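There are two complexes below, and they share subunit A, which is joined by subunit B in the first and by subunit C in the second.
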Partner chain A sequence: MEAYLAAIAAIALIYVLLSLGLTLHYGLTGLINFGHVGFFCIGAYAAAILSTTGGMPIVVGFVAAAVLAGLAAWPIGLVSLRLRDDYFAIVTLGFSETVRLVVTSERWLTNGVQGIPGIPRLFEGLGVGMPSALAILGVLLAVNAAAVWLFFRLVKSPFGRMIEAIRDNEEAVRALGKDPARFKIRVLMLGAALAGIAGAFYAHYIGYIVPDQFIPLVTFYVWMAIIMGGVGRISGAIVGSLLLMLFLEGSRFLRDVVPFISAVDMASVRIGAVGLALVLFTLYRPQGLMGDYTRR
Partner chain B sequence: MSLVLADLAKSWGGFCAVDAVSLTVPKGGLVGIIGPNGAGKSTLFSLVSGFLAPDAGSVTLDGADITRLAAHERARRGMVRTFQVPREFAHLTVRENLMAAVPGQSGETLRGLFLRPAMVRVEEQAAAARVADTIAFLRLDPVADTPAGKLSGGQKKLLELGRALMTDPALILLDEPFAGVNPVLVEALSAHIRALNARGIGFLIIEHDLPALTRLVGDIHVMDRGRVIASGPPAAVLADAAVREAYLGGSA
Partner chain C sequence: MVFWIELLIAGLVSGLVIGLVALSITLVFGIARFPNAATGDTMTLGAYGALAGHAATGSMLIGGAIGALGGAAVGLAAYALVFRRLSNRSTVALLVASIGIGFIIRAGLSLAFGHTQQVFQVPLVRPWRFQGVRIHPNDLRLAATAIASLAVVFATLYLTPIGRRMRAVADDPALARVSGISPVRVMVALWLLAGAVAAVAGVILGLRTVVSPEMGWEMLLPGFAAAILGGIGNPAGAVVAGLIIGIAQEMATPVVGFTYKIALSFVVMLVVLLVRPRGLFGRVEGVR
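What follows is the complex of A and B.
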């Protein structure tokens, strides 16, 4: 039971990192990023490849994951930030699917659909069991804390003020002599780098990655998390991610109480449960649990 | 800062919204544009400020051709615009709205933010002092820490002017500054514009409220169906038969 809880906690903290990145993109700047999983995928594969076939220390993989995911965001920013919101959403969704197709087809690098097995786990030296699980949770917590600190620094700064101004009215920003694209590219890269780090944690935690783990559903799980928690708030990203895990994992136990459901059906029921929660949230608490940015 | 528009034109399909408009705002001038709805005034503003690209003609600022410059680059050269429908940063307070408009902040770059926090602090203090002056000048003190989305229409117009002022402009383009503003505030706003003009800031003002505008500006241009049909001092222009026909429907 402890091991199970530790596993849920680790995945939840990885989702918090993803949610913080998306909060930076959407909640603060208004970028409708429907391809967050693409950055997550790049981070996971970078860390996995470097630590297995690359034979690099794990830390190098983490740095590479952040840098590569951040750099991947740069061209997207350049080509699409002048697009309208809805087009940006489509471009990012296309980007994440492109990333998935690339890791599926480039077998020489990613081993295709068979994926990359045997990714070293963090703190293997401590042995399998509670000590290493706790150490991993400790590192995840520390990285999350650092991300939250960075976030606060950003939000409470002239930079943060400007990205919120862009979210509220981009044309007025242009009229005042500031180029919104410059800010949006940086925001996009920062949030993507966070997602890349989340991907590295994921790869080293699960120990085995395949392209199918990086479907658009992951992006929308993160969206659900920030919508349930409260858009544009750091606390919203954290609470929303924890809530998402509660729904995803809690619905797992539904099988014990609901009769006539096979394990395969259960997967669909879980997604249905999260969808229902999202519908109820948008109906009865559209600002999310923690309230959104409109409440200051 | 002088602004020269030469033969500016913009069509939408077959409809000519702005048709070969030429006019000049001299350095420190106070110039008005009037015209009925659909005369092309706001389109003209968008062409001048860089929010639309003209089909033909040129925009020259202090002798430099800026026809192809992006909107934010024009603003950086000292020519800022406001909008007919105020575009406040609704979730930022009045103070933050004005702070966001201050140019050249190193705290708006990631490098400055994380590597030079002391410099950012000093700049923020200087900016805050300027913002406080502007708030006092525009008498926005009671709402200084209110989110801008909650202001009245008139207060939002003042805020738009304030934000433009924070950029240290040499020329301000005002798009219907008096629309939806109560008469008392119209007088206050006019007084602010006169005071700023006395400090050397030029204005080009589009306005529907004829009396308020004619009391304010030195020169007036009348637009109708995309063209400038009359120009000159307000009294002379308003006496013009074509203007009365187009703008006042011949009845006044």
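What follows is the complex of A and C.
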């Protein structure tokens, strides 16, 4: 039971990292990133490849995951940040699908659809079981805390005021002689690097990655999390991710309770529930659960 | 040479499918002003509708009609239940809601019909040969169906009063409104048309390949790419761009391989947005 709770907590913390990245993109700056899973995927594969075939220490993999995911965001930013929001959404969606195609086809690097097995777990030296699980949770918590701290610093800094101004009125920012595109690219890279780190944690935690784990549905899990929690709020990202975890794990238990429902059907029910949540929250509670209750 | 001609023909037929998807996207984008991410799953719905209709009646014509009606009904339901209420909200709200609707459709279809790929039980026909070039009679029929559907859409847009009103709303919603055009009627017509067009694309794709819950979602990216290449809001442009992308995809397959064929749409989309964001035939309208 403890092991199960520790596993859920670890995955939840990985989703919190992803949600924080998306909050930075969408909540603070207004970038409609529909390709978050692409950065997550790059981070996971970078860490996995370096620590298995690359034979590098795990830390190197984490740094590479953050750097590569951040760098991948750079051309996307350059190309599409001059575009209107809805076009940006389509381009990022295309980006994440292209990343998945690349990891599926470049077998020499990623082993194609078979994926990469045997990725070393973190803190294996502490022995399998609770000590290593707790150590992993500790590190994840520390990284999340660091990300949240960075967030608060960022929001209070001139940079933070600038990106929020871009979200609220881009024309005004431009009229003041600032170039919104440059700020957007930095935000995009920073959030992508966070997603890359999340990917590295994921790879080392699960121990086995295949391209099918990086479908666009994951992006919309994260969207569901920040929409449920409340867009643009750190508390929203955290609460939303925990709710998401509750939903994902709860649907697993539902199978034990409700008979005659196969694993495949459960996957469909899950997709449908994500869709329903996205629609209902957009319609009835656009500000999310943690949002301002006085405003609608 | 024969090989390339056969690829060209295959490209033309798949280009017509992409063109229909892009037409549905561009109509919604031009009139309701947001990229409808549920277009792909409406396609899938059309294919399953036709599959069920064909299995029940044995007639492909009735099956196809049921598929198209299903698509139109889903389009109208999505408008009435969701998009209408969001009409004065930001594009993001509409976009996120359309993703959600797509997921709901896909979940419903895979629960009803299962995840395994299905095929239409139609008799195999021996291909005709002209100078060694194989031409499938079925491909010709599908192309004819696609062209007929396009003709219906364009006739509706350019020859009927409701089509004129739709174009007026696309041009300038405020001006259309003060001219006494009812926005609700235009929207109802738009969603019926957009849903049916996407569904027909799904039926054709399903007949050429296989029917699976993910088939439509995978066509979304080529569809968006064609809509952008043709110039957002330009129906004829969307069809031409669909043909271009379809042919380019098939012709590129021997060079870049089967998996990267889809990535080609992404590249096309990026290049167009960078070099000529209003598309090949678009009006000078800001996408930046």
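Brief remarks follow.
As a working rule, the second predicted complex is superposed on the first by the 279 of 296 C-alpha atoms of A that agree within 3 Å, B and C clash if a C-alpha of one lies under 4 Å from a C-alpha of the other, contacts with A are read in each partner's own complex, and residues count from 1 in each chain.
Keep this in mind: a residue touches a chain if its C-beta (ideal position, glycine included) is under 8 Å from a C-beta of that chain, and two chains touch if they have at least 3 such contacts.
What you see is a predicted model, and the numbers here were worked out from it, not measured in a lab.
In the superposed pair of complexes, A:220 makes contact with subunit C only, with no contact to subunit B.
Of the two partner chains placed around the shared chain by superposition, subunit C is the only one that A:90 touches, whereas subunit B remains out of contact. Of the two partner chains placed by superposition, only subunit B is touched by A:157; subunit C is not. Contacts of A:277 after superposition: subunit C is touched, whereas subunit B is not reached. Of the two partner chains, subunit B is the only one that A:169 touches; subunit C does not reach it. Looking at the shared chain after the overlay, A:263 reaches neither subunit B nor subunit C. By the document's definition of touching, neither partner reaches A:1: not subunit B, not subunit C. With both complexes placed on chain A, subunit A has more residues touched by C than by the other of subunit B and subunit C.
Applying the stated touch rule to the two superposed structures, the subunit B and subunit C interfaces on subunit A have no residue in common.
The touching residues of subunit C, counted against subunit A in their complex, run 34-35, 82, 85-86, 89, 91-93, 95-97, 99-108, 110-111, 114-115, 213, 221, 224-225, 228, 257, 259-260, 262-263, 265-266, 269-270, 273-274, 277, 286-288.
Across the interface of their complex, subunit A is touched by residues 49, 51, 70-73, 75-76, 80-83, 87-93, 96-97, 99-101, 103, 105, 107-110, 113-114, 120, 123-124, 147, 163-164, 166-167 of subunit B. Per the touch definition, subunit A reaches subunit C in the complex via residues 26, 32, 34, 79-80, 82-87, 89-91, 93-95, 97-98, 101-102, 104-105, 220, 223, 227, 264-265, 267-279, 282-283, 286. Within the complex formed with subunit B, the subunit A residues making contact are 153-154, 157-159, 161-162, 164-165, 167-169, 171-179, 183, 186, 190, 293-294, 296.
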